[in-house]
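Okay, so chain A shows up in both of these, paired with chain B first and chain C after.
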Partner chain A sequence: MKVNRKLIKQILLHSGLIIAAIICVYPLSRIFTVSIRPGDRIVSTDLALIPDGATFISYLKLLKETYFLRWLFNSLVITVSTSFIGVSLASTAAYAFSRFEFFGKRSAMIMLLATQMIPAGMLILPLFLMIMKLNLMNTYLGMIIAYSVSSLPFSIWILKGYYDTIPKSLEEAAMVDGTGHIGAFWRVILPLSTPALSIAFLFNFTAAWNEYLVARVVLFSSKQYTWTLGLFELQGQFITQWGMFAAGSMLVTIPVLAVFLYSSKWLVSGLTLGSVKG
Partner chain B sequence: MASVTFKNIVKKYNENLILDNVSLEIKDHEFVVVVGPSGCGKTTLLRLLAGLEEITSGDIEIDNIRVNDLPPSKREIAMVFQDYALYPHMTVRENMSFALKLRRFSREEIDKRVNEAAAILQLENLLDRMPRQLSGGQRQRVAIGRAIVRKPKVFLFDEPLSNLDAKLREEMRVEIAKLYQKLNSTIVYVTHDQVEAMTLAGRIVVMNKGIVQQNGTPLDVYRKPQNSFVAGFIGSPTMNFMDGKIVSEKDFFYFQNKDVKIFIPSFVFPEAQDYAGREVTLGVRPDDIILDSAKMDHANKLSATVEVIELLGHRENIYLRLGEQRILAVGEAFGELSPNARAEFSLNYKNLHIFDALTKKRINP
Partner chain C sequence: MSEILLSLGQVLSFMLLIAAAIASVELYLWAHFKYHDKNSIFYACALLFTMFAAFILKAAGFLTANAFLLFLLFEIFLIFASKKLLKGKKYLPYLLSAPAFLGLAALLMYPFIFQIYLSFHDLKLTTIMQWKETGSIPFAGFKQYLAVFTVPPLAEAGFFKLLWRTLGWTFINVFFHVLGGLTLALMLSEITRLKGVYRTLLVIPWAMPQVVAVLAMRGEFHSQYGFVNVMIKKALDIFPWLASLGVAPVNWLSDYPLLTCIIINIWLGIPFMTVIILGGLQSISKSYYDAAEIDGAGYFQKLFYITMPLIKPVLMPAVTLGTVWTFNNINVIYLVTGQAGGTEQADILVSALYKAAFTYNRYSYSAAFAMVIFLILFAISISYSKIFSERKEGKI
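Up next, the complex of A and B:
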């Protein structure tokens, strides 16, 4: 009886997971199919994963006839800088929130949380005005500033929560051993926070990588576009290049996938085990 | 090595007074144990010395240099934390060499010191392990190792054994005593365990409610507790206390309450005359209750009912009842007494402790 129950549980669990996986993977598989269809069969209703006369012509056209590589590069510069700046700011701010007592600490934390409840669209106008006044329209810097501050609240909350679980005595030990506050943070707290730091990094990265609205407002020359804007440019008023569109969509997943795969090893928590009596 | 001086230390958290005018001198090479119940301010005192908390008023000196405003890193102290606080992302060797690296010691010097400490603490085979791969006792030894490689002016121990099980605690206690013989350095050791205090200390500082209650050698504190708090805190099993009056009868003095009347020889309490008729508390350690009739003072013996006997193996705890007064005595295991039997006993007069009932201070010499 017991074995049967276990088996049924496993079957139910796995069928659920398989259905979820299909739902996730199916649209991707369609995009892949469309991206390798020859030009005359783009809108066919054929469901084969690899269509008849499969070709990489859409990829080649995309790379040759558009600024696609330039757009990827723009996105990459903005996203990577945003992630590093966002995480550095968040990691130090969260440390202050976790370790020091100061006036307005609680209300500041709540305000950070409250900003997350404002829909992104509402911030477009103020962001536009700020970036214009700073004379940073159509620049990387304008984008980087806009992106890195918008994910700060989330990163600060994640990191503060994680720092709170690191025993204070570790820093005290480091300070008695000869570091200052900053040294203790740098040599003890940061190395121990890699799981939370990588989550914050990933969040910043994917948020910036996929962002469209702010980019639409800040960037206006085709060469400065991020890939989200660039892909949209392929969608003309009368004709949409679906083949190139699909090829572009496939290519832009590669950096995100790479970052996720690489950082998964840092996501392993439990590094603090054994520092103090457990 | 160095001396440490606390001068009129006051520490407040908001309006809570944690340390109330604590003054203490610790000499070079001295092993001082600060002991007291939880919340008595002993750990705060240690953290003030380490520089991990700020002093509200008063001065701390290490080697006659005022250190109030120095950060922990500049005080040349090493601390062993209650929860060990080993850096989890570093190996044992890296943990031990961390402070030396920060001070830019040469590679050879670091290796020499780490290996030396590892040999003393039997950590040679564990140097490349991570803290999570160590047992509680091993982690404790690494924490001590991290302190001794520094060769600091003062060692601070904050309840280092309280997370270990009883057997390991005994072993580590002996290890720390051995270590002190070897290093012969100034040690300030905080504990709530009076057995650790008695066995390790060169001098005991008993604290309660932010005030130093008594400061003396272990024997002093045990034999001549200066107030009833110290008397009750130090010694195991705890001292028996009886409330009553000093009464005089025909040139002799007695301690009396409604259940007992105990003869007080004049050598025990020469000033008894001054206290005649006044409320006092009489303290008697369980070891000073004589149940052996060969050694008993038959002229002044008392009689009680045996309530409960707890066998501890080599000895037994005997709970005696006289009216409403319960008295604990200790005897050899498997003695003649059994529950509900009558027992006769007298007191070992030279170890009687008499305290003023109001001030709680000791009034006999």
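Up next, the complex of A and C:
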């Protein structure tokens, strides 16, 4: 009797989870379906996963008729530069916080936390006006400036937490061998903290890669768009370009999904890494 | 200034060229004769850096590349300065943390102060050209702050209506995030097989780029072709009596935009909570449950007296964070309703702020509006932390 009850419980749990999983995955599968529909039936009430007469014509149209590749390229330039700047700034600052006692350290740490209180959405307007004043509207540099420090406090926090776990004796050994603090940092700490550095890089990267609101106001010519803006524009014209929107979404989502699922273990542990140290 | 940048860029690109040449020679030697010395890592780095810099130069144009190289030069200078000139340790932490804090000051603190400045002046579409050329804006005193409470930021909804909507939006979303996350996490921790598969599938809404996820969901709420209405129609075909209960396809995006946004946001937010709560559940030792079972505790007793108190340290920060995120969520609402001619019935405070600034171009007004929202959020966070700290003290 008891075995039976356990079995029924497992079956119920599995069916509940399957329903939840379907709800989570369904919109993605729908996008996939729409992206391979033939041109004359882009919008239809058909619910089949693989539609009749499936083709890749939407993908071809997307690559030919829009600036999609250019959008991806723009996003890549902006995102890589931003993450590079963010991580390199954070790595040195976190080292200072982790290894030194200095006047103002506590207040600086508190200031870092306090900046997290300022919602990012609130600073879009002054940033927009600054970028306008600097004549950087519609340029990569303007976007990079707007993005570069947004994840900085978080990155510093993560990296400090990680540096704290590296024993000091390693650096001391390096310094006995004749290198300075900087040398020890460069040759010992940085190579050892590759996992934390990659988490910080990934975090910066995804934040900038998926950003939409700043890009919306800074970039205005469709050749300079990031992919988020481009897809939003395609989706706006629901009936006519739905297929292209779906194709673009698939092309963007699959690599992001792959990276996320591959790194999700580290990402979650990285999220807690910083908070435990608080 | 620009000439200096220009010549600097030329010098640097020449240096890059040399670095690239050395690196390729080094690479050639290594590839053909397996020759390498301990500096080869340095050369490899130089090569990578060269490629990266060339990429930026090619892709982003001269100005960006120069700013980038200038920044790198600054960092290198900092490292050398601290190494050679200042042997004392005293300055080192300041040198190390200076770039980050300069960046934060210029791009986070300065905009914040500029926002306060703006909120006491009058910058709008008619004065913006003047400001751009001369840098002066007419002073307005508290006029903008008064306007926040009296003049609606958008076409219809006033400040207090938006405030209530925001509070409702935040509460409903966070409530369902926690409820859904808790349910799924408990279910996941109970099953014995396929745990990894479910976990992977369940985090997909979180893992997808948010823009894609929201826009895809938006499509599903289309009145004619969206999945939701198609399913309602099918259900009506099969069970005609449902129609007498008032079930009918509706215009989600134009008639119930707020409900649509809430459903989409709940769908988006549950995976994060699930993962966090699951992490908390896995850290609970099984011996607690065994002991409770010996004492004859039922399922709900175990849930409320063991599980809940023990995942609290994990759950509470997540809930606080989730509250702030939901309160500040412009993305979902703007992506769903932000198209030209989109509805304003779903707007919460922050999305109204975004629209007031960039659709209606009321800059100073939105600066004051932003400050008011910031103060509200500040008050909420303070009371949150007070409640928590009091509870902690009470426990100890």
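Note that in this section the second predicted complex is superposed on the first by the 224 of 278 C-alpha atoms of A that agree within 3 Å, B and C clash if a C-alpha of one lies under 4 Å from a C-alpha of the other, contacts with A are read in each partner's own complex, and residues count from 1 in each chain.
Going forward, contacts are C-beta pairs under 8 Å (C-beta built on N, C-alpha and C of every residue); 3 or more make two chains touch, one makes a residue touch a chain.
As the structure is a computational prediction, the values presented were derived from the model and not from experiment.
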item	value
Which of chain B and chain C A:Tyr67 touches, first, second, both or neither	neither
Per-residue touch tally on chain A - higher for chain B or for chain C	C
A:Gly178 touches, of chain B and chain C: first, second, both or neither?	first
Partner chain(s) touched by A:Ala21 [first = chain B, second = chain C, both, neither]	second
Touched partner set for A:Leu170, first chain B, second chain C, both or neither	first
Partner chain in contact with A:Val217 - chain B first, chain C second, else both or neither	second
Contact residues of chain A, present in both the chain B and the chain C interface	180, 183, 272, 275
Touch list for chain B against partner chain A, complex	50-52, 71-73, 77-79, 81-89, 98-99, 102-103, 130-134, 136, 139, 146, 150, 163
Contacting residues of chain A [partner chain B, same complex]	167, 169-170, 172-180, 183, 187-188, 191-192, 271-277
List of chain C residues in touch with chain A within their complex	52, 55-56, 59-61, 63-64, 67-68, 71, 75, 78-79, 82-83, 89-90, 92-94, 96-97, 99-101, 103-104, 107-112, 114-115, 118, 123, 132, 184, 187-188, 190-192, 194, 198, 200-205, 207-213, 215-220, 222, 224-225, 227, 230, 233, 267, 271, 275-276, 279, 317, 324, 327-328, 330-331, 334-335, 339-340, 350, 353-354, 357-358, 363, 366-367, 370, 373-374, 377-378, 381
Contacting residues of chain A [partner chain C, same complex]	9-10, 13-14, 16-17, 20-21, 23-28, 30-31, 34, 43-45, 47, 73, 77, 81, 84-85, 88-90, 92-93, 95-97, 99-100, 102, 105, 108, 111-112, 115, 117-130, 132-133, 139-141, 144-146, 148-149, 152-153, 156, 180-183, 209-210, 212-213, 216-217, 228, 231-232, 235-236, 238, 242, 245, 249, 252-253, 256-257, 260-261, 264, 268, 272, 275
